[in-house]
Amino acid sequence: MHIGFLGLGNMGGPMASNLVKAGHSLSVFDLSQPAVAELAKQGAQGFNSVADLVAAAPDVLISMLPAAAHVKGVYLGDEGLIAQLSKPTYLIDCSTIDPHSAREVAQAAQAAGHCMLDAPVSGGTAGAQAATLTFMVGGAAADVDKIRPILQAMGKNITHCGDNGNGQVAKVANNMLLGISMVGVAEAMALGVSLGMDAKVLAGIINTSSGRCWSSEINNPYPEVLENAPASRGYSGGFGSDLMLKDLGLATEAARLAKQPVMLGAAAQQLYQAFSLQGHGNLDFSAIIKLYLKE
Amino acid sequence: MHIGFLGLGNMGGPMASNLVKAGHSLSVFDLSQPAVAELAKQGAQGFNSVADLVAAAPDVLISMLPAAAHVKGVYLGDEGLIAQLSKPTYLIDCSTIDPHSAREVAQAAQAAGHCMLDAPVSGGTAGAQAATLTFMVGGAAADVDKIRPILQAMGKNITHCGDNGNGQVAKVANNMLLGISMVGVAEAMALGVSLGMDAKVLAGIINTSSGRCWSSEINNPYPEVLENAPASRGYSGGFGSDLMLKDLGLATEAARLAKQPVMLGAAAQQLYQAFSLQGHGNLDFSAIIKLYLKE
Amino acid sequence: MHIGFLGLGNMGGPMASNLVKAGHSLSVFDLSQPAVAELAKQGAQGFNSVADLVAAAPDVLISMLPAAAHVKGVYLGDEGLIAQLSKPTYLIDCSTIDPHSAREVAQAAQAAGHCMLDAPVSGGTAGAQAATLTFMVGGAAADVDKIRPILQAMGKNITHCGDNGNGQVAKVANNMLLGISMVGVAEAMALGVSLGMDAKVLAGIINTSSGRCWSSEINNPYPEVLENAPASRGYSGGFGSDLMLKDLGLATEAARLAKQPVMLGAAAQQLYQAFSLQGHGNLDFSAIIKLYLKE
Amino acid sequence: MHIGFLGLGNMGGPMASNLVKAGHSLSVFDLSQPAVAELAKQGAQGFNSVADLVAAAPDVLISMLPAAAHVKGVYLGDEGLIAQLSKPTYLIDCSTIDPHSAREVAQAAQAAGHCMLDAPVSGGTAGAQAATLTFMVGGAAADVDKIRPILQAMGKNITHCGDNGNGQVAKVANNMLLGISMVGVAEAMALGVSLGMDAKVLAGIINTSSGRCWSSEINNPYPEVLENAPASRGYSGGFGSDLMLKDLGLATEAARLAKQPVMLGAAAQQLYQAFSLQGHGNLDFSAIIKLYLKE
């Protein structure tokens, strides 16, 4: 199968790498020449522009881009790849963008005879490298089944979320809840310790009680509670606070368009915005606990 | 062992019952005569006042009362049981109250030669009846070991949380996080569905992703997602919204005294307060999702 | 002076009317034929499309449209009026839209040789009818001076706010503060009354103290405090809750793009969203106090 | 008239001073000997204890104490002044405390045959020195009339707020709104400037529009907007952030007891708590804008 891949950043790079390892014929493009060169070294064919890659007529085209503006720019318009592809193609956008944009692009793709799927991921750069990502996929069930083997070269869980855009909906809803939970764990841990409890004892109780959640069990924000969590290495690595801020922005904006209140989601967004203003946007998102601890 | 028990309400009643079943000699008091009569029928000895029960000189005295004011009223002062007990006694307060009051009472008890433990529970009325409660215990480790067999007649997990008051700290921190998580799940579910997702599919994705928590897995607030959850039976039964409101009030008040910010905790408290004002305080606390759904 | 006017709704209609009364030669268009007919009856010339109106080559063109999408749709693109106007024209957009869109349109207009100003208004339909609107104008000072006489036919205060887009910035910042203040007054009034105070006495004290603001003095949300306020006539008339919700959405979205936290602004937005979900979006925005009063 | 005065701090000191200047015979006590000595130098008679002062049998007794615990400690109990006063006395508590405590003390005073009024003040230390304070007085109208001349020696506006406790209710409701308004102005100013507006121009527009409030007009938090505001002298002087935090705590606690939601009031409290945690509690409360500005 001939696969095209657009966007070879922190996530896209290792994902493309895993496709090569799985034996696919891969055509790649990125604005960064070194990123293209790196994949070429691994066996992919590098291209100098989207147009050139499109002209090579891949059977499947995967994109992993920073934001909706990039996705729309690459897919839509007279010069966009939807218009330029010479044959019906499987299009898979793995970028995390708002559901409305995802549906707009999918509609344009389908109108032009292509199959389109939104397939945002979770699992971070570690998951991208280890091919253990979770894909949340929106689109027709038959299409999901067809491209499943390709996604399985990059990830472990391939979840069908419903029609086009629902992959993004699932991601946005889950990550909003994740952001709220993380702030909630930060507040509960900071409160308990300030009232006299040992942080590890408190974490242990929460993790066997009704307060338990991924953020308390796997990425506890209090320092030294979990040996391998970012909180025990100065909040380096992990999922950056500014990425959480971006996802919370997608969630509240989607909520606004859907006329849906999200009180705690909006509060969490503002707290991450304030945290970013203080210059901490590059720390793991569990570092939000710094807002609650005396320096 | 001769055990005294004060407070035979929805929680205290079945707890006392389990002590009788375990073979303890039990002396009980409650302002409600029928509650006392019910326990007497099961084999306990009923008393007409705290003073009478105290005069019977139990070895251990357990209390399960609605709020700090009741606890202080019963334990402290010249007429309080701390002053009236004729011999050193093991005092175990299972009420959920603020940590400061718990420490104040414990200090008075110890000054008078008694051993005191705060031991609030989680698990609800179902746990009280099934003797599967979790006890979060604050006090000296040696004392906890001594009364452990008694608590085991009423519960499954007996967790030592540290010094006096720390049982209350653990409860308050856990339940604040629980309230935040529940509102967060309600928002995420309502948002996802309003954006076009199926509720069960969304819950499935969240429960295998980083948004998962007790509230999404065990007590999902969206109707018909979990067959046996309160959300699938009109939010009856379960842990009442006004009880969650009380616990969030304890958390923010303890935070105020500790000079500790709890942004989402305070927001959750206000949302439950608004929900209660609308007349829904007696519904399970997962019913908070009603704030997010069109009627 | 020959003036074109696009958008004859609740605001645009009376504004256009006042221009006719002031003796201007007016060309008008709206999707609603009755709205065009009404202005024609008053002496304006009605057109069947934007293109026809543009072909009539007005010297000044004023637009009053619902949202940024409409403004961009009418002004931009090959078929947009910026491209179609045959001579340099003064363009004045009175719509309330986000500052980024306002700047994007202004840039396009200037690139094509037109003068463009953003001039959102405050004062509501009453101000539009009485020609007492406040105009917050963004653009070059010299341009503002030139079109001032035209705006003065529709309003009382013409405030220059700085460069293009700043009219929108001023409006968005002021209205976000207005929304916060209104919720704040609602909370303070409801709290005081629930604690035993007379509403009028409390309003009197606030209005002579440091809590005083436009919302407490001019549009007090508590019923029967101000005889002529919406609160004393079932919250009819005035500035609709859904319009406040729209403005709060513009504010938080502009804040997101500017990476600026707005905690209370976001909270106010969510409260108005929840209020709208309950079906109250058409009531005056002071009706938000209903969230705080027992029914 | 022989007046007793308890509490000679930053507020009580100058208030007592103004009573001496007005010709009253003043008996004073404070835990700080230098504070007593200072007033003695001005003509008051100093006492070494509350008991001694009470024994001197003043006709009127005024207290100005830090918190409810102090007020209850001084007034209530067998050793409290209510029990110790030998004749019916006018009792005026000018401390800012919660309404429930104010009513509890007033009830005890009246049961013992004294007249009691709660009379918290606004106006700060500057108002205390210049005798321009505002008194918000709760109690019987006839009593307010009788002590009005005494209060007029210390303040300009004497407002009767209704029955006992209502002075505190008025203060707490007004100051909660003040805290919300200040944060709102901080957010609106920071947002407008970050979007490209000049701070003074924006303040000018807000102050002639619907966003205007005491915080925008008199104590604008943006630096250099108002020459004489704390914001233009490094936020020194004025009303400290920790005092605003205390008042917001009184408001949310009173709201909790009244089962009244106060969403923005609680959010403002948490923001001031976070600000205090960062070490800024002694700055004027307008300094909260620091949470919104890049350092």
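The letters A, B, C and D name the chains in turn, as written, and every chain counts its residues from 1.
We take it that a residue touches a chain if its C-beta (ideal position, glycine included) is under 8 Å from a C-beta of that chain, and two chains touch if they have at least 3 such contacts.
Computed from a prediction, not measured in an experiment: that's the story for all the values here.
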Shortest chain-hopping distance from chain A out to chain C: 1
Of all other chains, the one whose Cα centre sits farthest from chain B: C
Separation of mean Cα positions, chain D and chain B [Å, integer]: 38
Centre distance in Å when chain A and chain B are each reduced to the mean of their C-alpha atoms: 39
Intercentroid distance (Cα basis), chain C paired with chain B, Å: 51
Multi-partner residues of chain C (at least 2 other chains): 255, 259-263, 267, 271, 274, 277, 291-292
Residues of chain B defined as touching chain C within the complex: 267, 274, 277-279, 291-292, 294-295
Sites on chain A touched by chain B in the complex: 99, 122, 134, 136, 157, 159, 161-163, 165-166, 169-170, 172-178, 180-181, 183-185, 187-192, 194-198, 201-202, 204-206, 208-216, 218, 251, 254-255, 258-265, 267-268, 271, 291-292
Interface residues, chain B side, partner chain D - complex: 249, 252-253, 255-256, 259-263, 266-267, 269-271, 273-274, 276-277
